[in-house]
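Pasting the structures in now, so scroll down.
Next come two complexes built around chain A: one with chain B, the other with chain C.
On to the complex of A and B.
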């Protein structure tokens, strides 16, 4: 299976600073992959190398199996949606949208008109051809820049935090629209964002980046349910994380011995956990049960509720286990809720206690 | 507080009077009927303007000045834009030094530059007087173009160029379809400033003139030496009005405050 776009051991150094550190990644035709990571972890740098705007220090980039590492950006047949949209201020919406087509030697006025109209109707901006970018709202400018990129049917669409200048509601709406459009047109895309919710909802796969490296490349559900490292577990969603040493329990099941002597029954996605190995355990707050009665789960600990906050769809509890560990849980308000003053029991089954590196 | 404001207003009015009164006097005297310049003027006539426009020497000079200014402004703009773009793309110590060199004609007293041009051009007698002036004016115009274009470039978002490259335009196409249109305001402002500088330049031309390069300011000067009639006032008024129109256009289109 040949990748539409493939990065092989890409490195980018700025003087002595390594912004991108041996990244390898394959994107299949029609697939949407997100690069997710905190600000400064090298997402934009990676994207700009794929676009050809900056050369990698080491490594190679292939499009459809052909090495394009030394091909200039204007010959790569890519398209990009910028954070600030980068619409040309001196051109009308029409001129902006057909810019890429003109560069691809399409001169026929009628063809240009027809394509622009089609594209603008797809992004719901019919009739805005003769407006200038400054006459449009942020959301409309965003859609023009989307149309400008989509119209050339590029080998890969690159998005650099395209929604970060929109308000929250529009952001949620636009990201679904973008995904639908890309899928409908079968366009390959690499989507850079620092917003995990955006990445989870828009992508087929997510590459979580940390300090210039890819920590994990997985499907969104896999990433959430089975993170490989502590960093990923902490970065995606809410997490309880404890460090410890792997032990084999008497019943031959996996167990993690925490520093304060507590033993947690847990499970591992990979079968590589060896005795004595240092690992961490992840327990998602929503997989924890809290009750005033004793529980029948694999792990049960007596605890006290320190703080509770109502967040609409869930109630979040901050608790202190009697053995001294802090833990947080999320319960749905509809269920029977524990009384907050007395002793409670915190329980979770072993499949919800996941070993991570 | 209010008293200070009133004082401030009076002060600024005084400054305007001080700056503009001589110009008003010149324009007023150009309408006087008497053969001599008197203020306040006696009577009202447009005959001096008719005479000014009918004067072959004067018309030749104004055409020459226009030609020199336009040619030198175009060349100064082309070179100034190239230099500014280079500094924009390659910022650093070396660029800073070169930028200072290019901007220096602004701070060198014109007499000194004029002397330098005189000595320099005496080595190249093959050059016509016209091209000597054009070359000299390019040098003193460049700083105005560079300053104004650099200001435009510094507020230009680099992502426009990147977007253009990614969308398939070659660097050359990107320059003339994206970069240049985005900074055309700065170029126009620099060009108009440079034009005004060249058009009313009188010192350098005095040093390196010959019989064929009597420019407009020189013609005015030589007329004054002969006789001081309202014809001079009319010629000067035309000058004032052309400059004023250019400055107003500049202000309206771009805003003068952007210049410095």
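On to the complex of A and C.
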């Protein structure tokens, strides 16, 4: 299977630090992959290297199997949606949208007009051809910028935090639209974002980046339910994480011995956990049960509620186990809620206690 | 309730500058700039009987003399041509430098900017004297060129080449200084977008950078043109008296020939032409750049 876009051992060094550290990544035709990470993790640098705006220090970039590492951006047949839209302020919406086509030597006015109309109707901006970007709202400008990218039918479409300048509601709406459009037109895309919710909802696969490396490349559900490392577990969603040493429990099941002597029954996705190995365990707050009665789960601990906060769809409890560990849990309001004063029991089954590196 | 400070209504008249402060420079300008200019225009219409003596009869002879003698026409055309040619070269040479500087950050940007401004710290006379020594027959540049092209007679001092070099030297720092701001204002993502969407270097320059920095380049060019047509020391010191422009002629008429009326007439004509050309280029510039005005 040939990748539409493939990165092989890409490195980018700046004077004092390594921004991107041996990244390899393959994107298949029609696939949407997100690069997710905190600022400074090298995700934008990676994107800009694919666009050809900056050269990699080492490694190679291939488009459809052909090495394009030394090809300038204007010959790469890519398209990009910028964070600040980067619409040319001195051109009308029409001129902006057909800019890529004009550069691809399409001169026929009728063809340009027809294509622009088609793209603008796809992004629901019919009839704004003769407007200037500054006459449009931020959301509309982003749609024009999307139309300008879609119209060239690029080998890969690059998104550089395209929604971060929009307000929260528009952001949620636009990301669904972007995904639907990309899927409809079978366009390959790489999407850079620091917003995990955005990445989870828009992508086929997510590459979580940390310090210039890809920590994990997985499907969104896999990433959430079975993170490979502590960093990913902590970065995506809410997490209870405890460090410990792997032990074999008497019933031959996996067990993690925490520093304070507590044993947790847990499971591992990779089956590679060996006795005596240092690992961490992840328990998502929503997979924890809290009750005033004794529970029948694999792990049960007596605890006290320290703090509870109502967040609309969930109630978040901060608790202290009697053995001294702090733990967070999220319960749905409406279910039987524990009384907050006095003893509670915290319980979770072993399949919700996942070993991570 | 409106905020009041010492009885003054801030919401109504919000300015750090009291309007009356403007009166002082205004009086200064009227006395030392507008009045002499008007007087100069006035005496150009009268016969001149010598410094300190009353003016003679009303006459148009000074203007007639200018417009009927091709010598003077030629001087005017030469002045404008030298100004225009040096301006074009300043724009062509200065734009890339301004571009490079405005795309830089940090220490190197300050260093380069200082290097651009540095020549202006030195007196014009001294700088031109420096050029004289470089351009003279035994000078560095002339000698180098002579050794590169042995058969040819190379004269730089007292030639158009010499004057052009001097004018470019004078105009370039101003153009670069003016241009850095407008280019800096163009976010680099516009350029990147242009490249990503398939435009090469030239297309990006003509389709994106130039339209977005057009106005700045125009005001820079107009400033350099005004400075270079009005240059006095450059043609004086690098022209060796062989290349005469308007400023030299006016100086000559006023100080050697003591014909103040004719000198005034020359000055008025020169001024009108210079203003005409600059305002015309501003207007045509506006028309061509009207699309970028909307930006």
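As a working rule, the second predicted complex is superposed on the first by the 357 of 357 C-alpha atoms of A that agree within 3 Å, B and C clash if a C-alpha of one lies under 4 Å from a C-alpha of the other, contacts with A are read in each partner's own complex, and residues count from 1 in each chain.
Convention: a contact is a pair of C-beta atoms (placed from the backbone, for glycine too) under 8 Å apart; a residue touches a chain by one contact, two chains touch by 3 or more.
Source: prediction; values computed, not measured.
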{"item": "Superposed partners chain B and chain C on chain A - clash or fit", "value": "clash"}
{"item": "Partner chain in contact with A:10 - chain B first, chain C second, else both or neither", "value": "neither"}
{"item": "Partner chain in contact with A:84 - chain B first, chain C second, else both or neither", "value": "both"}
{"item": "A:74 touches, of chain B and chain C: first, second, both or neither?", "value": "both"}
{"item": "Chain B versus chain C as contact partner of A:132, first or second or both or neither", "value": "second"}
{"item": "Common interface residues of chain A - those touching chain B in one complex and chain C in the other", "value": "51-53, 72-80, 82, 84, 86, 88-90, 99-100, 103-104, 148, 152, 158"}
{"item": "Residues on chain A engaged by chain B in the complex (per definition of touch)", "value": "48, 51-53, 72-80, 82, 84, 86, 88-90, 99-100, 103-104, 148-149, 152, 158"}
{"item": "Interfacial residue positions of chain C with respect to chain A in the complex", "value": "187, 189-190, 192-200, 203, 207-208, 211-212, 291-292, 294-295"}
{"item": "Residues of chain A touching chain C in the complex", "value": "51-53, 72-80, 82, 84, 86-91, 99-100, 103-104, 132, 134, 148, 152, 158"}
{"item": "Touching residues on chain B, where the partner in the complex is chain A", "value": "157, 159-160, 162-171, 173-174, 178, 181-182, 184"}
